[in-house]
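Both complexes shown next keep subunit A, but they swap its partner, so subunit B is in the first and subunit C is in the second.
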Partner chain A sequence: MTPDRIFRGLFVLYLLAFVAYLFMPLIIMGAAAFNTSRFPTVIPWQGTTLDWFSAMWADAAMWRALWTSAIVAFFVVLVALPVGTAAALVLTTLHSRARSFAYAVMVSPLLTPGVVIGISTLILWRQVGIGGGIALIVVAQTTFIICYVMLMVMARLQRFDRTQEEAALGLGASRLMVFRRVLLPFLRPALLASGGLAILQSVENYNTTLFVRGFETPLTVFIATKVRTGLTPAVNALALVIIAVTVIGAVAYEIARRRQLSARPRS
Partner chain B sequence: MSHSVELDGIGMRFGRTQAVSGVSFTVQPGEFFSILGPSGCGKTTILRMIAGFIQPTEGRVLIGDRDMAGLGPNQRPTAMIFQSLALFPLMPVWENIAFGLEARGMGRAERRKRADDLLHLIALEGYGDRMPGELSGGQRQRVAIARALAVEPGVLLLDEPLSALDLKLRQHMRAELRSLQKRTGVTFIYITHDQSEALAMSDRVAVMSAGVLQQTATPRQLYDNPATPFVARFVGETNAIAGRVSAVGDGMARVDTALGPLHGRAQGAVAIGQAATLYVRPEALMPGVGANTLRARVGRMDFEGAFALIHGQFADGAALTAAVPSTRLADAPAPGTDASFSFAPEHAVVLADA
Partner chain C sequence: MRDLYARFGGGLATIFLSLVLVWLAAMVLAPNLMMIDYALRPNLPPAQIGGPQDLWSADNFLYLANEGVHRAIFFKTVWASALVAAVTLVVCYPIAFWMAQRATPGQLSIALMLVIIPFFINEVLRTLAWFILLAYRGPLNAVLQGIGLIDAPIRWQGDGGVLAGMVYAYILFMLLPIYNAIESLDKSQIEAARDLGSPTWRTHWRIVIPHAKAGIATGCVFTFMLAAGSYVAPALLGSPGSRWFTEIIYNWFFEGGDWNRGAAYALTLLVLCLAVVLVTLRVFRVNLTDVAK
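So, the complex of A and B:
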């Protein structure tokens, strides 16, 4: 065996280990949804069943939690997209020192631990008599999700050709029309992507949400509570469904995108 | 409806840099007017002041005799064609062309009709539903022109719009722009650093250098009667021979140079004793002895078809270029020999050194 082949062998081995490290937890978690065992585990395998899916389907509390998360995510997107886009637009027009200062301020929520954001939001709004609940969850989550939107929109804006804006103005367009007809269509991919990211960030958030939830129970909190009161593989079934929906969504998007590309050949 | 454009002593200062100072000229309605100068001479700044993207720090811009102070680009009767064209990549061609009409609140059906009319004007019928990315460079160019013409501007401002095209297409587009201007009668103000472009297309040309206007004249006048040393050197090829004025009279001047006394037309203020330079075009130099004779060592010869360029060197080391018509190449001296070249005094210009 040449050293070269040994190296290649080691490399393949490393690659397999790496992929296993990434996906084994997901595979075990998914497989546990089909085990008849009352606890989410694959060892021992007590028999294959789909019962946990129907258990999940019948779990009204779980559906309520999912619904709560969906409402929160909806409002988070509604607030974070326009505010994040506006922040990105302002930041790209600022210069040098003012820009780096504003940038640091805007990005700081990303560097703040989620727990701190949750607690401080709760304390602040207590002062004016507003307690935990859906509104406060939205406020707390939006604080840091805005940063993601802003960063993604800024990245796209850096590739925007400013003379297009001048061309539009020169043709008599108002500022509003420039925004609506030229800038917004250009930002569309970034807005879609950051909207998707905002939904994911909102639904999966636990540490911030926990402090501001009041009497509401979003999905992450619901699952965490279950760990204490007795977790059943119904939760695994739910996770498997969420993964399936995500993967199908991503594949469908990619197929649609490729179709659009091939329908419009570039010269 | 085309407009006149008058610049009244305009200047532009960016921080500590004076980009443009004290420029005045008047462009007649329906004129094809070029601003020519090397990059960084302030010509684009002037165009942007006319368009209203920037406000001059000194002087006034009048379009159709109206002072434009304080008016933004969307309030002026101008349209601009950018060097990058700046077509909207996410809109089909017809929406690009009709963008200015949309801004004026015209209904969709009528916009489409007007866009189709303009597509006909630029010979791109049936391209309305394509995207700009699917067009060739020359087609995109024409769409940019149609988009600007759609708003029926009084003045069309063009910022080196042909510089991205290859030579062949550029020459074709020159002719096309010129005929389009004549057909529409719109005032064109055209920015370029390419002197042959400016000379070939324009009714009049303003030559700029370092933010200062050098001369405004017809292409023929610029070439034959340059007003400043910069114009003499920048527009066309020339042989510059430095010396001192020893006689002036009857519109002519004699300059004593290292190559002997030479005669030429006096241009502007030329006084005896002044340091001056005589400029003579390569095509004015003929092999042989005449009124003004120069001797030079003949070097390389570049055959260019209609002309052959003979490169030589004077005794003091300065370079000489003579353009000899191909039909008279038989008279041309052989490389490596010392030869005489002569020119008629009325084909040379004497300008006082700046």
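So, the complex of A and C:
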């Protein structure tokens, strides 16, 4: 055996260990949802059951938490999409000097720790008598989710051919019409993608939400509280359902994207 | 500005500008300014706010500097976050190199999918997975005992658990920038080095790593920042002996009831993170535009 082969063998082992590191915790967490044991684990296996799924389904607090997260995500998308798109358009139209400064300001929420965004939002709105709650969760989350929308729209704008706008103007379209009929349809894929990302970011956020939640309990807070105050495999069942939904959603999105790319190879 | 109006006309351009300005003024700038103001004022009962005692001072920051336990936790958070970044880098580098230079296109698309899937999953759920894995009577202890590696269960919760959970949580933020950087390295450079007799480690040290410098810096900066600002992992995987600075901040707000001191602590964390980001980017000459991808 040459040293090269030994090295290659070691690397394959490392690769396998890495994949195991990525998936083992998730597999164990998922499998524990089917174990009869009251504490979620896979060893010892006390019997296979689906009871934890019905326990999860019957948990009214879980449904309230899901509802809270859904409302928050709805309003986050409602605010973040238009503002993020506007930010991308303003930024791409600016000239180079002002542009790099504006860019730094506009991505700064991404460089700010999530807890700090939550805290500063909480402090500001207390001045006008608004405490933690759904409204503040929406405000705090949109602050940085706008950045993601902006970056995704900007990426798409880079491939936009401005002559299309000029052509439409030359043919007598109003500026509003050019925006609605030329630019917006072009941005549609980026808007859909960033809408999906915004929902995902909103529902899964914990660090920022924790500080502005007031007495509300969104899904992530619900799960984290359960872990500390009474973890049963019902939480694992919930986790497994969430994972299934996210992974299916991501795969469906990817398939749709590829299909669109292959349908219009020269778009 | 004029271009914006020329392109979209008065109505639309005004709407775009005002949306952006409201966002930057009311959601980015104002909260941070108010937090600075809070951090500089003492914590007073409502009746005395705005009174003669309500003056700016550095007292809240001095409190952090002089309170031994909090100061120790702050520095621990700093070096532990740096450790998280270092470990994540060591774990990810070989994988990133393989993906960028060695993998066939088929292997690459599978590998990309495999690393991205776990990161579509909520950070709280990923931490919960580690919580279960590392539990005192959990699977890891059971397996280790089963194969006779340990006699009694080990209490993983604490510094070790936090480290494992955080490295896990931030792999993608390290892997992708490094992968992107190494991918642009011409394969012939590595071959040339090998043909000239360079051992593998020196090829990496002299050719691959310098080429991937910007990606490595980006990955480390992001991992550090996310780790320092993390709350879930230390709260669920830590022990009372392994408290994180964010937990102290949380306590000032919701248990200690001193928002001013909490604001000062949060501001310290913010300044630390921004300083680390900006200094590292300057040192490695990485542009902010390349970072946020």
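Note that the second predicted complex is superposed on the first by the 240 of 267 C-alpha atoms of A that agree within 3 Å, B and C clash if a C-alpha of one lies under 4 Å from a C-alpha of the other, contacts with A are read in each partner's own complex, and residues count from 1 in each chain.
The criterion applied here is as follows: a contact is a pair of C-beta atoms (placed from the backbone, for glycine too) under 8 Å apart; a residue touches a chain by one contact, two chains touch by 3 or more.
What you see is a predicted model, and the numbers here were worked out from it, not measured in a lab.
Engineer: Considering only touches as defined above, state whether A:185 meets subunit B (first), subunit C (second), both or neither.
Structural biologist: first
Engineer: For the three-chain arrangement built by superposition, which of subunit B and subunit C touches the greater number of subunit A residues?
Structural biologist: Comparing touch counts on subunit A for subunit B and subunit C gives C.
Engineer: Per the contact definition in the header, classify A:161: touching subunit B only (first), subunit C only (second), both, or neither.
Structural biologist: Only subunit B; A:161 stays clear of subunit C.
Engineer: Let me test your reading of the model: by the given contact rule, A:224 touches which partner, first (subunit B), second (subunit C), both or neither?
Structural biologist: In the superposed model, A:224 contacts subunit C only, not subunit B.
Engineer: With both complexes superposed on chain A, which partner does A:19 reach: first (subunit B), second (subunit C), both or neither?
Structural biologist: Once the two structures are laid over each other on A, A:19 reaches subunit C alone.
Engineer: Quick check on the superposed pair: does A:171 touch subunit B, subunit C, both, or neither? Answer first, second, both or neither.
Structural biologist: Only subunit B; A:171 stays clear of subunit C.
Engineer: Kindly list the residues of subunit A that each of subunit B and subunit C touches, one partner per complex.
Structural biologist: Touching subunit B and subunit C on subunit A: residues 174.
Engineer: How about subunit B: which of its residues touch subunit A in the complex?
Structural biologist: 51, 53, 72-74, 78-80, 82, 84, 86-88, 90-91, 99-100, 102-104, 131, 133-136, 147-148, 151
Engineer: Spell out the part of subunit C that touches subunit A in their complex, as residue ranges.
Structural biologist: Residues 1, 3-4, 7-9, 11-12, 15-17, 19-20, 22-24, 27-28, 30-32, 34-35, 38, 91, 94-95, 98, 114-118, 120-126, 128-133, 135, 137-139, 142-143, 168, 171, 200, 225-226, 228-232, 235-236, 246, 249-250, 253, 259, 262-263, 266-267, 269-270, 273-274, 277, 288-289, 291-293.
Engineer: Given the complex with subunit B, which residues does subunit A contribute to the contact?
Structural biologist: So the residues of subunit A touching subunit B come out as 161, 163-164, 166-174, 177, 181-182, 185-186, 264-267.
Engineer: Could you please specify the touching residues of subunit A with respect to subunit C in the complex?
Structural biologist: Per the stated touch rule, the residues are 7, 11, 14-15, 18-19, 21-26, 28-29, 32, 39-44, 82-83, 86-87, 89-90, 93-95, 100, 103-117, 119-124, 127, 139, 142-143, 146-147, 151, 165, 174-176, 179, 200, 203-204, 206-207, 210-211, 220, 223-224, 227-228, 231, 235-236, 239, 242-243, 246-247, 250.
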